[in-house]
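Naming follows writing order (A, B, C, D and E), and every chain is counted from residue 1.
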Amino acid sequence: MSSLLMAGLLFTPLAWAVLCLLLAFRAARLASVIGMLLQMALSLALWAWVAEQGGFFYHLGGWAPPLGIGLRVDGLAVTFVLLTALVGAACGLHAGLYLDPSRPWQRYFWPLFWMLWAGLNAVWLAGDLFNLYVGLELITLAAVGLVVLGGAAPALEAALRYLFAALIGSLAYLLGVALLYAEFGSLSLVGVGEGAGSASPAASFALLIMLFGLAVKAALFPGHTWLPPAHGIARAPVSALLSGLVVKAAFYVAARVWLELGPALEAAVVGVLLGVAGSAAVCWGSWQALRQPQLKLVVAWSSVAQIGYLFLLFPLSHGVPEAVSLQAQQGVTLQVISHALAKSAMFLAAGNLILSVRSKRVEALAGVSRYLPLSLFSFGLAGVSLMGMPPSGGFAAKWLLLQASLASGQWWWAAVLLVGGLLAAAYVFRIYRASFQEVEESDPFYHPPRSLEIIPLVLALLALGLGLVAEPVLSVLGLPFGGEVLSP
Amino acid sequence: MTSALLYVLAGALLCGGGLAGCLLVRHLLRRLLAFNLLGSGVFLLLVGLPAHRHGSDPVTHALVLTGIVVAVAATALALVLIRRYFHLTGRVSLPTGRQEDR
Amino acid sequence: MSGAWLPLATLATSLLASLIIFALPEHRHSIRTTVNILAATLKLALVAAMTWGVFQGRFYGISYEMLPGVRFVLRADAVAMLFAGLSALLWLFTTLYAVGYLEGSPNRSRFFGFFSLCVASTLGIALAGNLFTFFLFYEMLTLSTYPLVVHRGTPKALRAGRQYIIYTLGGGAVLLLGVVLLYQLEGDLAFRETGHLMGSDPARYPALIGIFALLVAGLGVKAALVPLHGWLPTAMVAPAPVSALLHAVAVVKAGAFGIVRVVYDIYGIDFAASLGVLEPLAWVAAFTVIYGSLRALWQSDLKRRLAFSTVSQIAYIVLGISLFGPLGTVGGLVHLLHQGIMKVTLFFCAGNYAETLGVHRVDELDGAGPRMPLTSLAFTVAAFGMIGIPPLAGFVTKWMLGRGALAADMAWVIPVLLLSSLLNALYFLPIVYRLWFRPLRGDWPAERALGRLETHALLLWPPVFTAVLTVLVGVLAAAPFSPLAWADLVALRMYLP
Amino acid sequence: MSWAFSAAVLLPLLAASLVATGSTRFLLWRLLPWLPLPALLLATQVRDASVDIPWLMLGARWQLDTLRSPFLLAASLLWGGAGLYARAVLEGAERERWFLSSWCLALAGNLWLIVAGDAVGFYAGFALMTFAAWGLVVHADSPRALWAGKVYIAMAVLGELALLAGLLLASELAGGSVLLAEMATALGRSQQPGLALGLLLTGFGVKAGLPLLHFWLPLAHPVAPTPASAVLSGAMIKAGLLGWLVVLPLGLTSLPAWGTMVMALGLIALLGAALRGIWTREAKTVLAWSSISQMGLATLMLGAVLVEPALWWLVSGWFGLFVLHHGLAKGALFLSVGLSLPGAPVARGLALLVVALPALSVIGLPLTSGEAVKRWLKDSVSGDLAGAVPWQPWLPHLLSLSTLLTLLLLLRWWWLLRSGDGSTAVATLPWVAWLLLAALSLGLPLYAPILL
Amino acid sequence: MIERARQALLGAACLLFTVCLLWAVRHLVALPAEQQALSVLLSRWLPDSGVSHPVTAVLLNFRSYDTLLEIGVLVIAGMVGISLARTSALEDPAMRSADPLLHALLRLFLPLLVLLAGWLLWAGSSRPGGAFQAGALLAAAGVLGRLAGLPMAFLRPGTLLRAGLVLGFSVFLLIALLGALDGRAFLAYPPGLAGALILVIEAGLSLSIGMILLALFVSAPVAPEEDADGGPPA
């Protein structure tokens, strides 16, 4: 049963990518809706199956690692697969309504969209270091393709900047994999993890290089310059996908590698370095988000800031008691899920607002709260989760991270979390303030179809509700990031 | 001092030079070339190190083959973007001006 | 868990109401008003039923694990019902008043949606069973009140909203730090009448004092203790029902109620006293009482003067809490109710003058008495109540606080009370004097005829009724079901036998 | 029985609500003199009664005993007469609604504090009367009236605050009980009641016109409308005295230091006020000063009792007599100021003579209530029981000096009255009201022994 | 000024990186050379892989998932290339050169190239070769034809080109699904049929790879006036 589910999960997105490439936009849209439903069903079934039976290893092609490629299907991977299904379906549906079918290049959105989805699933489930590299490349190129859809000069510039940064990151990662393979002779993550005990200093250098590469791909502070133009220029559903999921893929790989190899190699310095970079990202990202004149750039810079929180996992899971590390992992998992939901909701809502206000600037939002309450409401709810205000998932994540940082004695991360929350509130309320401005004349706005506004609202409500059901979600993760997993 | 060590050494130096090229050069095509240098350096290391320790290892060959294909795909895509960018804006390097979203 | 559904039902009524109202298009006035009033009355009935149940000793509560090791707990105990009763009662009047006040203005769906959300969070605060749940609703209150403060959308309102958010979110962050530190140190503490920390080992005392400071600072923002009160007067730019609900019932009381919970149900009054944290708290409260009244003296704008008066009145509650002894507690708790009733009346009347006569400043009030007799009478009764003239509600509090101060041998509190009553007189009597004894100077700035009586029916009767309530609460203070009796019941359980 | 008490207090309160419309006001003017009727019946019929109402405020008690009933009697008679006079003079005047509402509320407050047995009720009545009286004082709405109103309300609020503090301390000493009797006994028993006593003395002193606390009196009385000033000095000032009698521990312990101080204040008031009053230029102000000096008498007696507790059982009746005597006489004198004297010289001379009659009783000529009061005071103070009373030998002489000064003072008043302009049309109703009060005050020695 | 400082900083960083890399490599080189478990495993399972050449076995059997994704990457690159093309024809008239010498040469080379590609494809199972090298040769042939101005109808962003792009990929995908449908893991070939299926896949792949690389080469920007517009609306 599980092998059928896995096969379906891997096959569907790739098949639909091929199918959609051959169809025109409207036909592809119809096919994609079916595909999304199928993929959602598969992901849900797999999630339910793992929730009962627990995780397992899936040997592709029948060959066991280290020879073949093994997929690690544990609680965390399956949760992220379901998250991808959720956010992907929402962005797909929204894109179907949002993109203008008459443009010749729009038809290529669907194949790239499905390829991106396939890449994401490949990364969540991967258990093999080289396979992760190929998965990341798949995601990068699909994302660059989506960003550059339409081929306008600014889109090209942003795409190029993105492509170069991502490629450098991938090669750095590959260099790390090469060094690790040279030392341990195995490519599977679990195999390398076991061998890490007797590692030489080269392995810690390899780890450093890999984390540097992945940090650049995840737009951590020093390497973040490519993200705002890319996510700002792209169409709303594309930026939602990029900010919500693509950026998380690189972080997910880094986290997997760190938790396998980190404790063994004395890489505390690397952890602290990433923590400091994360804090700098939080401050710089929020500060820039406050000053951006354009709405989508504000949301893009907010992504830079929120990614900073994720990288607090590294210092908090190294050289600390097991319980605290577990708490930090759960906190970061919740932060990833709630940020994915909230940020995609915010980007979709921002897309709707820009569509109806007919201008990208924040000041143009005056009077929106009177005539476009629904879009602003979903934007607002997403903002609540970004600020980490109760009862949202963001708050639950902030709470767990606060507890982890205080329990581990590294109290300064708690300061970063609190200040970050306030800065996030600053730029979210900047948008509220602009939209609450009363405007004299009658309704100047174009009203998008109601269904366009429902999608971000659903996502925002999920992000908000996540806080209330945090415990069940975390319990399904079991021991996140690997723990004993029974093989089929 | 097997011949593989020579490749490993060359690979390491290529990596250094490639990375420097990628980061410092502004011209897009040259950066792309530097990227390919870096890629080749990594592939050399990937094959050279195991070869040095215990003879030729087919797995690394397969990995390198896959790596090369991916590199080719990325380079081709980059080229298309660069040519289109040049076609539209006539610039050969990305604007580095003090954009406020630096 | 007997009666688990009652607390949830109370919260659900206003949550549901807010969702329905948000979904309603703007022009659906009648449906929105009926939903509003229906929800308000239903909530009042539920709260009354719960109060009766609690009085009989029945347990109402629900608890489920929201985060690993952290539970979401709702529990209706005596002091919760005190605050919940006040909120439910005054929300009914404020809703009626708001319906009348906002006649013909835009954005009413948005307003009433957030209005009911705000009360849902207030009731959540009242019914919270542990610090985590309390914080959860505390922050939801901040979010749901911001749109109310900036409802008018004018640049001034937006600036006031900005300052409001900076204060309250800053306070929220400090409170969050305190709560997490406490969870780190002592684990998930459910509120318990006599508090938990009596037995903790002395090594932790400095940490506990530090945490106490953080918690009170966080709550102090909403309770408008002096250094943190800046947002209250500027938030006066909000429409009258908002300032009535915010400054008399919801936001300000949430802060004071939080301090009650922290001092009694977490630390335990005896432990807090032994820690020596009550003395500084009393100093801050006393200073706020005096400072608030002083600042109110020369505020020319009526609502700003009332705002500063609120700053000092809320500090009475905190003062009552910090007087170690049942009498002080009773004084603090009963003032929680009395101040709510009196301040709501004052704000309703201020709203009436603004809405009917276009009067915003104190010196424009000359001769308003004869023009609007009932409103002015209500204002006068409430004003005398605030000064503390028997047999009105204010006197009962001052009497209890005075006795509490003497019993806790903190005699220096008596002159503070007297000075504050004098200051109250100094800023309320001139207004009463202008209302009744000064002749009309020229015509009113923006007079509008709003219905047969002196003003719109919905604007007139709420303040009159709350004024009558002020008198009744004062006169029937010792009666079985009066706020004072209820406060005694609560205070009795607070102190270790 | 409790309905009788509440009827006495609530009737004027309800009457105040009739002020709203024109027609009800007409009815109210007619009712005004009869408002204190239930209180009058209560004072005459009920000798000694105490009703507890646990649920009212903090546990209220209606009380009427030998100490309070003369106060009640004096107040109701005076309010009745002044009410009649007010109807005659002020009906139809401008700002009549304001006057009526203040008048009724003041009356209600006055009656409430007299019958209140608990501190909260007493304080409530006291405050209600004070604020209502403020309405009466500023009724003329002239700059002078406004200034007098400011001074009055400022001192009144300070007095109230001192009173609140005093009551709080006393209640604390009495273990939290709010009943006045228990407070008095508690004050008696406690070792250092100093602070509470001081506060209570100042609190009531403001109302009773103790020296240094009396500034508002000579300002407020002249500006108030005539019936209002009659009531102000006749009944309201007595509230301060009643406060002392009810709260202070009279007859329980001897407080020589406090006693001597109070007696000294009494003497200063008695003599100083009379001296100061002589060269004032306005008739009502003279009477105001005379009220302060007459109150000096009561303060003197109070001081004596404080020094020598045994005296209390002997002189507790004296205060009742004093209240009746001074209230009615002073009320009549104030009303006479407003009377219009006939133009013809002969009739005018006769009228002046008649008007002077109550003044005689105040001075203390034989056969009048004034003389009975003074003699009783002289005997008790210099009697054998008053062993420890200070300055015992000089007291009688000082008292006779005070009679002389009062004589001069009232001559000054009579001369100011005489220089007033006569008017042809003599309104009969004011004269009737004055006559009623004058008769009651002069007839006091006759009916006083029956009632007390 | 800041720019120069940035350059210097990055340069220093690269230098440091190279030094550390050399240091790490020195450590790795110093490690003892013990027999590698993976190559032992590989030699043991090679017979079952259906091909004799170990690299092809790893590429198309043991780690076939990598190859699948890698082909996916190529398809994406192709797609993006085509999506950027603005006109119906990918032809670039400026490039066509009617040079008789080139035409003659091509008549000789093109068939040779195709023959060589076929041989490489076949040789892949036993010695270095396979789909990628064959595809590259086909693409080279295409490029030469393109330079010589041979009319290639299929080089229009039409369905034919798109079908060609995904042909190999979909074949690979379907075969992979076959494995999963009859109970075994995804990408597992039915026993015995491995060699044949690998050959089918290789054939499809080589064709697609050739098509993709050619499409990427030719999806050059078109002459300015035909450019439809500057890009998507605001």
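The rule is short, and it goes like this: contacts are C-beta pairs under 8 Å (C-beta built on N, C-alpha and C of every residue); 3 or more make two chains touch, one makes a residue touch a chain.
Because the structure is a prediction, the values reported are computed rather than measured.
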Set of chains adjacent to chain D and to chain E: none
Count of contact steps on the shortest path from chain A to chain D: 2
Of all other chains, the one whose Cα centre sits farthest from chain B: D
B-E or C-D - the one linked by more C-beta pairs in contact: B-E
Farthest chain relative to chain A (centres taken as mean CA coordinates): D
Central subunit by CA centre of mass proxy: C
Inter-centroid spacing, chain D versus chain B (mean Cα positions, whole Å): 108
Whole-Å gap separating chain B and chain C, where each centre is the average of the chain's CA atoms: 66
Chain A and chain C: spacing of chain centres that average the CA atoms, whole Å: 43
Intercentroid distance (Cα basis), chain B paired with chain A, Å: 27
Shared interface positions of chain A, touching two or more other chains: 130, 134, 137, 141, 144-145, 148, 151-153, 175, 179, 182, 185
Overlap residues in chain E, where contacts from two or more other chains coincide: 21, 25, 28, 31, 36, 38, 42, 63, 66, 70, 73, 76-77, 80, 84, 230
Pairwise chain contacts under the document criterion: A-B, A-C, A-E, B-E, C-D
Complex contact set, residues of chain E against chain A: 20-21, 23-25, 27-28, 31, 36-38, 41-42, 45, 61-66, 68-70, 72-73, 75-77, 79-80, 82-84, 86, 159, 162-163, 165-166, 169-170, 173, 176-177, 179-181, 183-189, 228, 230-234
In the complex with chain A, residue positions of chain C that touch it: 22, 65-68, 70, 72, 106-107, 109-110, 135-137, 139-140, 142-143, 146-147, 150, 152-155, 158, 161-162, 165, 169-170, 172-173, 176-177, 180-181, 183-184
Residues on chain A engaged by chain C in the complex (per definition of touch): 327, 330, 369-370, 373, 377, 384, 387, 389-391, 395-396, 398-400, 402-403, 406-407, 414, 418-419, 421-422, 425, 429, 432-433, 436-438, 467-468, 470-471, 474
Partner chain E, residues of chain A touching it in the complex: 3-4, 6-7, 10-11, 14-15, 17-18, 21-22, 58-63, 66-69, 100, 103-105, 108, 111-112, 115, 118-119, 122, 130-131, 134-135, 137-138, 141-142, 144-145, 148-155, 175, 179, 182-183, 185-186, 200-202, 205-206, 235, 358-360
Of all residues in chain D, those that touch chain C in their complex: 20, 54-59, 98, 120-121, 123-124, 127-128, 131, 135, 138, 141, 153, 157-158, 161, 164-165, 168-169, 171-172, 176
